[in-house]
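Two complexes follow with chain A in common, the first pairing it with chain B and the second with chain C.
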Partner chain A sequence: MLELIKNTIDFLSQPSISLTMILVAFPFVFPPTEKFDVWHRKLKLHKIWTKQGGLIGLVFITLYFFLGFTDEHFSLILKKPDNVPIIFIIYSVLFFLWLSMYQAYENDKRMAAGEPVAEYYPAKEKVLVWPDLVFIEFIALILMTVFLLIWSIALPAPLEQAANPTLSPNPAKAPWYFLGLQEMLVYFDPWIAGVLFPSLMILGLMAIPYFDRNKEGSGYYSFAQRRKSIFIFLYGWLVLWIFPIVVGTFFRGPNWNFFGPFEEWSVAKVVALSNVNLSDYIWVKMLRIGLPSNPLIRESVGIVFILAYFGVIPIVLARGKLRALLEKLGPIRYGLIVFLALAMMLLPIKMYLRWTLNLKYIIAIPEAFFNI
Partner chain B sequence: MADNERKSLGSRITGSMVWTSIFRTPFPTTRSERLKSILNNVFLHLHPAKLSRHAVKLKYTWCMGGLSFYLFIVLTISGILLMFYYRPTVEYAYTDIVDLSEQVPMGIMREIHRWTAHMMVITVLLHMFRVFMTGSYKPPREFNWVVGVLLLTLTLFLSFTGYLLPWDQLAIWAITVGTNMARATPFLGHEGPGAALLAIGDINLVTMSSDVRFALLGGRFVGESALLRFYVLHCVALPFIIMIMMSVHFWRIRRDGNISGPL
Partner chain C sequence: MTDASATPTPSEAPAQEPEQDSAEPIERKSFLSWLSVGWIAFAAATGGFFTMMGRFMFPNVLFEPPQSFTIGFPDDFQIGVVDERFKDSRGIWVVRSYDGLYALSTVCTHLGCTPNWLITDNKFKCPCHGSGFRKSGINFEGPAPRPLERYKVTLTEDGQVFVDKSVKFQYEKGQWDLPGAILKV
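And now, the complex of A and B:
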């Protein structure tokens, strides 16, 4: 029975399956539109953001890690000293996600009933920073110090053999907060996964206040007033940042192969590498005439695809579904938002192309290190 | 004379000329003294003297910003202590780290530094998450959000540069993986798209010994000069920048109308 559960979890943890489940569930858990909200409530998913929902979630995650710590394979990974912060971050990210959504839903209820939000106090009701805030900070600081001291005494900092440039470990992993980028390296070349995407992430984050012109929902938790912006942010935060970190930390073993949490990290695991470029599909498999020598002709289909993806889709959307957005924000803001949104979608799209068609590159010009 | 003898030691100290010269206000008990205690103290005056009631609630702020700042201070102090013993050379770095735990009774300074660093990355990320979920980036605080994103980036770089310093297998290979991406930087990395365009005749300007990765490592691989560069970045350059940015961040919180809240 236990084996069956472990095998099921191993199976479900594969990125192709876990990501699909997350992507399908996402709009129902965080409904971006009123239509999804109807389903959200029909499926009773709003109960996640209640006290009972949070408690059930907590029990499930704890059971998962309990199973992990008692398993001979998973416990090896969980007990690595540098992986302990990841367990901590999973708990804290989910807890604070719940805490913010719980308060948002409480506030939404209050506002729907015409009451002020929970954060609202009449302007006259001010408190003095001494003692009301200074003491809270002091206590928080002491508790944090105690926590760090216990952690430091209980768990020695990792120290492996002295550096040896001739002996590379397998797998060689980046620090945990960059493992999301390393995970993207599976699907994209370093210039995209390691340089372009991180730059877009930083710039995109910085641009949020200039894109989100919704004046509502400033200074209090709320979801109903800011559905779309919260949906997009949580997609970036949970799906593009936290999820790849978890996959990269727990599920990537020797040769960066996927290993289910309860699977043994065996160097001998063989995964067939039969990835094919789009140009190979077209010139060799479909037309059977061999690759043209000029790289621009060879990759013309991929180039057209990418140009259409970033060039045509924004125009089509501007005439259709997103016309209101264009009119509200103007062409520059609209263009940048849609470009960043399309870039955010590029990762799952490439993942699915890899999983279904074994597609290696959409555009492959290794002569100029230009592969997408 | 008799009056003086009945005074306790504590009140003699707090009543002394030296004490009152340092702390202008006595231990605050009245409303005006409490207000003054914030205004007259350089550290406490990061805060306003009065706040809306919601702003001091833990469930609103999660205290994450304040804790991030506190963890930065813990990291600075423990980092300075570590700098007394640590020499950033290939010859000594690893053995110095070993000595920190082997030769010092109860030597946990490196543990404190490392776990605090992990913790700070987490608190900074969660602080960003809180600020987003309360919509606190909206005007008039939009620029402070930008500063905050820069602070997050700097926090990650600080943690990343520190990762190399123990000079063990974990360190050099994590940094190798991380910095290998830099060689693919468009135009500036020798394996990046467009780098071949930057050439004079047949001579490439962006090569393995002149690209952005070389600048970061001070060499073609993670070695002696990379260790020194990361040490200087970690202990001097990045803390210097992050402290300036933090000053801007805190200043702007006050200038932009203190902590966010419903109108």
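And now, the complex of A and C:
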């Protein structure tokens, strides 16, 4: 019975399956439109953001880790000092997600009933910075220091032998906070996954106040008033950042192969992944005439695909579904938002192309270090 | 600046008054010239600091292993075997195939980790992002965009194999057909 549960979890943890489940469930858990909200309530998913829902979630995650700590393979990964922060991260991310969603749903209920939000206070009420705030901060600071001291004594940082350029540890993992980027590097060229995407993330986050001029929800939690913005943000935060960190920490083993959490990390595991570029598919497999020597002609189909993806889709959307957004924000804001959203979609698209078609690069010009 | 925010009245800030009296007034002109002296000094110090830092990047002596070396006679290498003896010391794999003998770089072309030779799978596999290379150095799995680089191999006069790591041959540039990319033995 226990084996069956473990095997099922191993199977479901494969990124192709787990990402699909997350992507399908996402709009039902965080409904971006009223239509999804109807389903959200029909499926009783709004109960997640109540106290009972939070408690049940906590019990499930704790059971999962309990199962992990008693398993001979998973416990080796969980007990590794490097991975302890990821257990913290899972708990804290989900707790604060639950907390903010809980407050948002409470406020939505209050506002629907015509009451003021929970954060509302009469203008006369005051709390002093000193001593009320500073004191709490000071206590928090001391407790945090104590916690870090105990942690650093109990789980010392691993000291290994002197660096040797000819010996990469297997698997060679980045620090935990970079494992999401390392996971992207499996699917993209270094300059895209390591330079372009991180820059887009930072610039995109900085640009949010210029894109999102919705004054509703300012100073108080609310979900109903900001469905789409919260949906997009949580997609980026949970699916594109936290999910790859968890995958990279727990599910990537020797030779960077994928391993289920209860599977043994065996160096001998063989996964056949013959990856093929789009140009190989077209010129060699479909047309059977061999690769043209000129790289631009060779990669023309991929270049057209990428240009169409970033060039045509925004125009099509502007004439169709997103016409209202274009009229509200103007062409520059609209263009930037759609560009960033398309870039956010490129990661799962590329992942699926890799998993289904073994596609290596859509555009592959290794001569010029330009691969997408 | 409006009047409200300018000089406080004595009743508001009595403590500041005596200090202002004792300090010598600084003229606008001399203040500006002192300011520019200060900035120039600061810029010079910073510039000097970064110049020294830059100089630090070019040490007088570099302790590097030689880039060209002999690795033994061709008959020391079996056909079809990846020789790992020079991986740690020289950073090369020596492979002898039926066509000849070549020296592969041990640097993954994706992000520069050192792949491992998996003899059972007959491939080089990078532990960082899972790139895989065939015995020839051709990339076939994972994200590596191009094959492993080859180094120049020639024969010395006494018949030993001589590897020159300063000359490299890249497959995607069609350089594996050039003389030196593979040693016909």
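Definition applied: the second predicted complex is superposed on the first by the 372 of 372 C-alpha atoms of A that agree within 3 Å, B and C clash if a C-alpha of one lies under 4 Å from a C-alpha of the other, contacts with A are read in each partner's own complex, and residues count from 1 in each chain.
The rule we apply is simple: contacts are C-beta pairs under 8 Å (C-beta built on N, C-alpha and C of every residue); 3 or more make two chains touch, one makes a residue touch a chain.
Nothing here was measured: the structure is a model prediction, and the numbers come from that model.
Peer 1: Clash or fit: what happens to chain B and chain C when chain A is overlaid?
Peer 2: fit
Peer 1: Scan A:165 for contacts with chain B and chain C and give back first, second, both or neither.
Peer 2: both
Peer 1: Looking at the overlay, does A:85 come into contact with chain B only (first), chain C only (second), both, or neither?
Peer 2: In the superposition, A:85 contacts chain B only.
Peer 1: Applying the touch criterion given at the start, work out whether A:284 contacts chain B, chain C, both or neither, answering first, second, both or neither.
Peer 2: A:284 contacts neither chain B nor chain C.
Peer 1: Looking at the overlay, what does A:188 touch: chain B (first), chain C (second), both, or neither?
Peer 2: second
Peer 1: Just chain B (first), just chain C (second), both, or neither: which does A:275 touch?
Peer 2: second
Peer 1: Can you report the vertex angle at chain A, computed from the C-alpha centres of the three chains with chain B and chain C as the arms, to the nearest 10 degrees?
Peer 2: That angle rounds to 60 degrees.
Peer 1: For A:99, using the defined touch cut-off, is the partner it touches chain B, chain C, both, or neither? Pick first, second, both or neither.
Peer 2: In the superposed model, A:99 contacts chain B only, not chain C.
Peer 1: Just to be sure I read the superposition right, which of the two partners does A:230 touch: chain B = first, chain C = second, or both, or neither?
Peer 2: first
Peer 1: Between chain B and chain C, whom does A:255 touch in the aligned arrangement: first, second, both, or neither?
Peer 2: second
Peer 1: Would you check which partner chain A:366 touches, where first means chain B only, second means chain C only, and both and neither mean what they say?
Peer 2: Only chain C is touched by A:366; chain B is not.
Peer 1: Looking only at chain A, is it chain B or chain C that touches more of its residues?
Peer 2: B
Peer 1: Taking the superposed arrangement, what is the smallest distance in Å from a C-alpha atom of chain B to one of chain C?
Peer 2: Result, nearest C-alpha distance in the overlay: 5 Å.
Peer 1: Based on the A-chain superposition described above, do chain B and chain C contact any of the same residues on chain A, and if so which?
Peer 2: 164-165, 167-169, 172, 182, 185, 189-190, 194, 369
Peer 1: Can you list the residues on chain B that touch chain A in the complex?
Peer 2: The contact residues of chain B facing chain A are 28, 31, 34-35, 37-38, 44, 47-60, 62-63, 66-67, 70-71, 74, 90, 94, 97-98, 101, 108, 110-112, 114-116, 118-119, 121-122, 125-126, 128-130, 132-139, 141-142, 145-146, 149-150, 152-153, 156, 159-160, 163, 166-174, 176-178, 180-186, 189, 191-196, 221-223, 260-263.
Peer 1: Touching chain A in the complex: which residues of chain C?
Peer 2: Spelled out, the residues of chain C in touch with chain A are 87-88, 91, 106, 110-111, 113-116, 118, 120-121, 125-130, 132, 140-143, 145-146, 172-173.
Peer 1: Show which residues of chain A lie in contact with chain B when the two form their complex.
Peer 2: 82, 85, 88-89, 92-93, 96-97, 99-100, 103-104, 116-121, 123, 125-134, 136-137, 140-141, 144-145, 148-149, 151-153, 155-165, 167-169, 172-175, 177-178, 181-182, 185, 189-191, 193-196, 202, 205-206, 208-210, 212, 214-222, 226, 230, 233, 237, 368-370
Peer 1: Enumerate the contact residues on chain A facing chain C in the complex.
Peer 2: Listed in rising order, the residues are 164-172, 182, 185-190, 194, 254-257, 268, 270, 272-275, 360-361, 364, 366-367, 369, 371.
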